[in-house]
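Labels A, B, C and D are assigned to the chains in the order they are written; within every chain, residues are numbered from 1.
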Amino acid sequence: MFLLNARITAMREVARGMAVISIAAPEIAAIVRAGQFVNLGWAGVFLRRPFSVYRADGERIEVVLKAVGRGTSQLLAMGPGDVISCLGPLGHGFDLEAGSRTAVLISGGLGVAPMPLAAKEASALGMRVTWVHGARSIDELCSESAGDEVIWATDDGSRGIAGTAISAAPDGDVVLACGPNRMLAAVADRWPEALVAVETYMGCGTGVCLGCAVPLTRGGYDRACKEGPVYRAADIDWAALPSHLSYAVTV
Amino acid sequence: MFLLNARITAMREVARGMAVISIAAPEIAAIVRAGQFVNLGWAGVFLRRPFSVYRADGERIEVVLKAVGRGTSQLLAMGPGDVISCLGPLGHGFDLEAGSRTAVLISGGLGVAPMPLAAKEASALGMRVTWVHGARSIDELCSESAGDEVIWATDDGSRGIAGTAISAAPDGDVVLACGPNRMLAAVADRWPEALVAVETYMGCGTGVCLGCAVPLTRGGYDRACKEGPVYRAADIDWAALPSHLSYAVTV
Amino acid sequence: MTVDMSVAVAGMKLRSPVLAASGAFGYGTEVPLLDRRALGGMVSKGIFLRPRTGSPPPRIVETPSGMLNAIGLQGPGVDALIRDYAPQWASWDFPVLVNINGESVSEYGDLVGRLDGVPGVAGFEINISCPNVEQGGLYFGNDPRAAAAVTEAVRRRTTLPVWVKLTPMVTDIGVIARAVEGAGADALCAVNTFVGMSIDLNAYKPRLSFRTGGLSGPAIRPLAIHLAHQAARAVRIPVIGIGGVTNAEDALEFLVAGCSAVQVGTATFINPRAIAEIHDGISAHLELRHLNSLAELPRYLPRD
Amino acid sequence: MTVDMSVAVAGMKLRSPVLAASGAFGYGTEVPLLDRRALGGMVSKGIFLRPRTGSPPPRIVETPSGMLNAIGLQGPGVDALIRDYAPQWASWDFPVLVNINGESVSEYGDLVGRLDGVPGVAGFEINISCPNVEQGGLYFGNDPRAAAAVTEAVRRRTTLPVWVKLTPMVTDIGVIARAVEGAGADALCAVNTFVGMSIDLNAYKPRLSFRTGGLSGPAIRPLAIHLAHQAARAVRIPVIGIGGVTNAEDALEFLVAGCSAVQVGTATFINPRAIAEIHDGISAHLELRHLNSLAELPRYLPRD
């Protein structure tokens, strides 16, 4: 885990109001795994804000976001040259094991966030990667993708299949999903073994505050920032997991 | 009184660490009088910060400052194009009456702040203006001046007379002074009729909170933001006025 | 559609649930840039029977998301208030309540007796919660018997609305709230400032000359919402929420938590247009939710 | 010159006055980037006799300069603590105190009885001030008799240091402080979080599932300094200041106000290096003032 004062190096729009920010954080870029996140801090917010790592190369990591509140608005108002505090990599990402032949990645809205790294890791393990991208409409669909096959699904049919990403998704040896907690609950119904990345409120991001409680089907709570944010879908007590978080509701 | 979202248009250094900021605030520039102040607010501070108006032309006002704390440091880190909230003009400035022949302006350190406007108003009333500039050393002496005669005084003798601005100052029909409260107390000893601009903590700047209490020789308190910040020197109970404020201690 | 923003607080009809808090508007005579249409009412700066000089400076310290003040209830006394301010209030189109202070139970009663019937005085906010005076103030606010005694003394002297302003510095605000309700208060105002201290690391002593001050501003908002909510759950009379309201969302939190109205103090120092913006923001929220009036706003006030 | 930063708190020698607060470091086993040399000691996350699941999410809300938490004292219970954590603590070069919780006076005593003598357990911080549990916690903290009873029950079971952590939610913290001192506490920790509430304007109900939470962070600092100062004035035993310490200046304010040491909680969530920076900043301050040791720092503690 590293704590860096990291410079924003670039910013690009990938959907209406959705942007990718590049951050110079070589130490983190070198070791981050798909599904892990960074906890970003800057003067305008009190608590840090967690963001999945979207891409990583030798020097930089990327995060993708939309303005859903005060913090994300402030972050989007920054630009190349601005410095933010970057803590990471954090959490337990997608555990992909060699041996599977096909991987299906399902993302709703901002749930694209961990997918480029996941596609890369799955490909490296020899899997054929199908990424199903869902959003409300074509404007809100992230324009970037990865993998061997890409399927689009929009609620209003403005691009790809009309319907949800779940209904549009084929089966696969491994299914990975990220998006609104409500969508993940539906993933859990169809693919109990799917690996899903959940959202919770976070205090510390490092496992010490117990703020990020994820209710488990076996009872009790896990820490999204430590045991998670990636879980086996069937392990989560979806009814007890708040589904109103912003990241979560922004399909 | 106006409340404006005002753009910073320029910034220049006038002594070591001392800068003048120009702000586009035409409504205020049009009516501000010498000794009045503006109360500036921006995202990084909770309360607004009061600053004397240094100069004013048709469109812009200027303030001069040094970094003495969090707020002033933030302000100095801003630049042209940044927008700040500007409330003013506030307070009761120097009441200059026609009929006096000579005006002596005495400033210590940042106490230069109200003087350019004061020099202009005194000149307009036909007075001969002598401005005595004091500071610890030549580096801290504001490089700008106004008036018919300028006298420099530094504690270490690195420019002008070695000694305080007070010891260097001639007598005049009217004496105006601004600087550390301790210096103003000395002014009051020599020229009880001098008009002096004092510093206090301020809550509102508009006369409603009673936070800016100035202890009076006749007992009780005035509001620096309303009856002041300019007072007849003999009217202030100097022993009861805090002399540790930052503006005040930065000679 | 225009939303009906009016609210009746114990019989006093207010055109807006947004009021000016005591100490943040002086006597209302020099409030800059105030958009009066938005103002439901004003509570004047705290007054004693006799003039008071207040505390020596420094009286103010900034703190994270808040400020400490120790003004010490500087004021001209009741005679000057009746002479200089009440006549102006009489011509205004919103009610002005006078914030009442005393060093003894009888002083509170006498002060209200003097002001009852004076044109311009629409009601009283009884301050039993000022942390910044040596005598009176907080002492009456943190003992249910003393709080009730003050309320009764005042109640006997007037038929105008009597609001009692509670201190947060108590173990159980519900106990004080019920005591004051039982003694005849028409409404409760929750809360006054919290006692705080800040240390000057050059002088190694408190920054404020009074040593301590009252904390106000957004820093205290979550605490104030909780206390106003607890007070509202404890009594049947209306509760007016106070503490750290800076925008419409903040005000709505108090209203949803069971308050009939809110008062705004410190926020107006920073944004002299705060009252109008809060008023308009509440109205916009109601409109967005297709609510025709403030009365239709859902409340969260379990009585268990 | 190196400054002597050590301090003895009721006989327990600490190498630094900067401690890790309960709930902000878990059991100390996964504290990221911690510079241990700066740490005077650690208080573990609050523990009950039996395992506890804690509160449902959401458990956290950000507020102006602070946060509300309602964790609900999730924890593995004393057996797991003795098995999994105490052995690790035994090898560390700073003392670990266990934050003790109970639903009854006897439970507090029993828990300390179980932990007394366990290698790695250097002392106890008795939590009579947690706002986030239905039973116990705050109930014991706001009644001087109950507070004394818990302290006595614990005192009888151990000769290790017993620190008692006070709640700010009381009318007079001095009364509780004296009661606890009389019952045998070695030191006081002031303060725990303040109860607060935040309302979700979409759902029109509290944001936290537990309805209320404890406010921590810089927002409460001026209040915490005042309360720690009041406690220090009321008793002869050491007081450890807690609440909103984020940097060396904040810590120094508590120390000047009469505290022997400070604990740091929330700030470490934002800056995992906070403890070391605070330690080094205090040392630099002392050096700048030509003070050779922390003991020479001037204090402001009038006993009137």
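Throughout what follows, a residue touches a chain if its C-beta (ideal position, glycine included) is under 8 Å from a C-beta of that chain, and two chains touch if they have at least 3 such contacts.
As the structure is a prediction and not an experimental result, all values here were calculated from the model.
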{"item": "Mutual neighbours - chains that touch chain B and chain C alike", "value": "none"}
{"item": "Chain whose mean Cα position lies farthest from chain B", "value": "A"}
{"item": "Computed distance of Cα centres, chain D from chain C, in Å", "value": "34"}
{"item": "Length of the line joining the C-alpha centres of chain A and chain C, rounded to whole Å", "value": "46"}
{"item": "Centre distance in Å when chain A and chain B are each reduced to the mean of their C-alpha atoms", "value": "54"}
{"item": "Whole-Å separation of chain centres (CA-atom averages), chain A against chain D", "value": "36"}
{"item": "Residues of chain A whose C-beta touches two or more other chains", "value": "none"}
{"item": "Overlap residues in chain D, where contacts from two or more other chains coincide", "value": "61, 63-66, 217"}
{"item": "Contact set on chain A toward chain D in their complex", "value": "1, 3, 41, 45-48, 85, 87, 200-215, 219-221, 226, 240-242, 244"}
{"item": "Contact footprint of chain A on chain D as seen in their complex", "value": "23-26, 30-33, 45, 53-67, 69, 71, 74, 200, 202-203, 217, 268-273"}
{"item": "Chain D residues touching chain C - in the complex, by the definition given at the top", "value": "61, 63-66, 68, 142, 169-172, 194-199, 201, 204-206, 212-213, 215, 217-223, 225-226, 229, 244, 249, 252-253, 256-257, 285, 297-300"}
